[in-house]
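Each structure below appears as structure tokens.
In what comes next, chain A is part of two complexes: it sits with chain B in the first one and with chain C in the second one.
So, the complex of A and B:
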């Protein structure tokens, strides 16, 4: 019984939230990594692209709701998501035509692209606030819980509760589907193979007749899919707020770099490394250990490695350690 | 928002009309509150409370021989000290004779030391409660109608003890307000035998609070004390704690007591308690009636705001001057006994008494008494969440 309680406690407070957060970060990091490997720069406007995609989804969702369309127990936002991806893709391709194409034609060095993306970030930042203001918007509807904490306690008779939200399961399921599709696309389809070729050696790819404009446009469309999905899943789970999305840029980049920039598998692993380390190292292990240890050996202190103020320091410390020993990240990516 | 616009428009109209009738002279008072930021859901009622006092005085038409009082609103943002300082400097440039505000402790301290003291400007805050502001160098220019959190800490500790809650987990916003309150509470609570299992800070504007909630839950406790702001951070932690079933009941200090609380969580937090400054003195009811439909007179710090603005204007009348360095000496005198007790709605009468050289004691909406160099002695309204509504259960 004590062992079960400890297990439920860890699942409820660590595994479920960290898996959800990790999946959201992984989707964001995948986008960062795709842009880095194919377009060859770190896109600072990534967080605000997520915010833009989410706000478009929120707009379309409210239109659907006013028409009385819903998905029953699932959030209506899922139905609005494909439309929002199209709008976001249009914005990204438009940005590419207006800003990045110019520098690509001049074969500018990557740092120029990064600075240009910083400018794009500031403009998107303002645009998103102009569209929907700065307030917290909650747009999740449908069934909120799969397992309610209180019901679980009554059902099982355990001392520890376990809560599972619909959005948490949804996040993981949708993330798995999108990642599986992306890997199939990159490895099996002609377009995907041409993208990889373009990423490996641009000149050789051009020589073999790959159309660079097509590769660029397809990349932005996939990035729109990844960012909008990540943003919407995050917003459904935790509520939409532009400032928070902007702040997500840091853990997202940390995830992409830890995993190895340019390596899609690395981005996914990186997302989970960041989310789990944030939660694990700042956790108070007293309760779990009290369940597991024999009665007279119960810990009297909190058994907390680091206080929660340092949770951001944790992911950056991991970043530094990984870069020190493996400059290309956990999986073989490009060195930064 | 509509209400707010209406109230502002009405105030401006009344002020305009009165100044046309009067001697054509006006006195400007700064109203600096966080109209955007973590407590943006509280500030509209606070501003309306202060402006109610101002329009009342303007209508009475007997402040220093008939001066009209015009409020000038600025945004303190509650959290950004640099933005708040700039806003306060704008007020000085516009020639205000006194500043009503600011709201949050951090920005209030910043405005006080960067703007008010160098420019010799009187500040009366309705809601800055950090214990640190009691000892700050203010040249006698700073007053507050809200009690210090040193007092709130004691009230909260005694309240929890009287309900038989002997161990709590505490999370506080990483700011002057949160840290000050958490420290004051922990000291008071442990002194009377309670146990604080963990005292962990949280930041505003972070999306993910699962690490904080996990740590708080791991440490355990009968209740979770959330010394944060309802619109940011604090609210998110309550949400995450409820979803994970980490805590069922909470204790909310003043920053969490807002309309958003009942609206967001409904009956999920039934059985939780909290306290915010407030009193059962008869003036409170009269103030709520005066507010009527124009704004929510029971809003957190709305009544303190009325009293803060009233204090500035009564002190001006007592001093016979709008010069802050002259009337600052009179603020405590008009707030405290001896003198004719003044209820909300009686500011005109008070001005008459002062003009004739009499003495007044502003009771106002909160029964304000200034002690300890210009801060309210403090009584608190204890609320309980019941059926998704905030119910006032007692006063301490």
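So, the complex of A and C:
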């Protein structure tokens, strides 16, 4: 019984949240990695792109709600998502035309692109706050729980509760669908292959007649899909707050770099490495240890390695360790 | 004398706004022929070939393909006109499979190119065995075959090879030369730059020795091999 209780505690407070968070990070990191390998720079505006995609989704969701449209048990935001992706894609392609295209024509070095993206980040940041303010917005509707904590306790008779929220399952399902589609697209379609060719060897891709502008636009559209989805899933799960999206930049980059920049599979694995490290280190292990240890060895403190306010230190530490010891990441990626 | 199929006629020019590298340089090739450009390091061999492919500013002179003036076309436009180019380095997509490399070579084609892939596998049988392997994992000689195969996917009317045997062992080099002769037998004119002057001249129907961006000697491969001055200055006696 004690063992089961420990297991339920770990599942409820560690495995489920970390998997959800990992899936959100993986989608974000995929976008970072795509931009890095095809457009060849680290996009600092990524977190604020997620925020933008999310507020557009929130706006469209409230319009739908006022029209009485809903998805029943699923959040209405899911219906608004495709429209928000289109709006975000328009913003990203527009930004590319206004900013990055100029530097591409000059064949500027990557650091100039990074600095330009920093500027884009600040502008997007301000724009998003201008549109939606800085307050926390909760936009999840529909059925909140798949398994309610109290029902679980009554059902199993265990002391530990286990709750499974709709948004958590939704996050994983949507992420799996999008990742599967992305891999199919990159490996099987002519356009996807031309993007990989462009990433592998730009000059030879041009010689082969691949249109660079098309590759760039398709990349931004896919990035819009990835960022908006990641942002909306995160927002449904934890509520929307512009600061948080800006801060998500760090774990997202950590995920992309741990996995190996430019490697899509690495981005996914990296997402989960970062999320599990973060949640494990900030998890309160007291209960688990109480269940598992002999009575006289019960811990009296919380057994928490680091308080949750410092969770970004985990991403930072991971980043530093990876860059010091394995700069190309777990999978074969490029070093920065 | 009739006009050659591809001719870079009296070309003078250099990269971008840089100084002129080529000075009244002429190179040409006809169907069924292998034309080689040899010369000492820094003679402008690769530059001369790149000039025919539109990769530098040709300030005077012209490039004509099948009688058509293509001097002002970009490299991409020349590919569409029927020129195939294999760069010396970075000439494959390393993380993509051999077959994907060939597919990318055929990117501009809208018709069914599966039969072309089969022809290339017949020409380079090793590529058929390695079709699903990442091109970057192959040996140097095999990579060169991928690179040539990729360029052949557009069914070019003329093929340009920039030092196809650079950095491969002598055994592999001989094999590559054999393959190049086979490609030439299919009727495609081949213009290539070579470091290994002796072997290259042996298979050349037409050969150019360049010195400081200008034609120094021109003739068939055999003529140049027999020329005492060419022997003394480039072939080590």
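Simple rule for what comes next: the second predicted complex is superposed on the first by the 317 of 336 C-alpha atoms of A that agree within 3 Å, B and C clash if a C-alpha of one lies under 4 Å from a C-alpha of the other, contacts with A are read in each partner's own complex, and residues count from 1 in each chain.
Going forward, a residue touches a chain if its C-beta (ideal position, glycine included) is under 8 Å from a C-beta of that chain, and two chains touch if they have at least 3 such contacts.
Keep in mind that what you see is a predicted model, and the values were worked out from it rather than measured.
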*Touch check for A:74: first (chain B), second (chain C), both, or neither?*
neither
_Tell me the contact category for A:201 with respect to chain B and chain C: first, second, both or neither._
second
*Now for A:209: first (chain B), second (chain C), both, or neither, which partner does it touch?*
second
*State whether chain B or chain C is in contact with more residues of chain A in the superposed arrangement.*
B
_First (chain B), second (chain C), both or neither touched by A:304_ = first
*Please identify the positions on chain A that touch both chain B and chain C, taking each partner from its own complex.*
none
*Which chain A residues qualify as touching chain B in the complex?*
9, 12-14, 17-18, 21, 134, 136, 145, 148-150, 152-153, 161-163, 165, 234, 238-239, 241, 243-245, 247-248, 278-279, 282-288, 302, 304, 307-309, 311
*Where on chain B is chain A touching in the complex?*
36, 174, 197-198, 200-202, 205-208, 210-220, 231-232, 236, 240, 242-246, 248
_chain A-touching residues of chain C, taken from the complex the two chains share_ = 75-76, 79-80, 85, 87, 90-96, 100, 103-105, 107-108, 150
_Can you tell me which positions in chain A touch chain C when the two form their complex?_
190, 193-194, 196-197, 200-201, 203-210
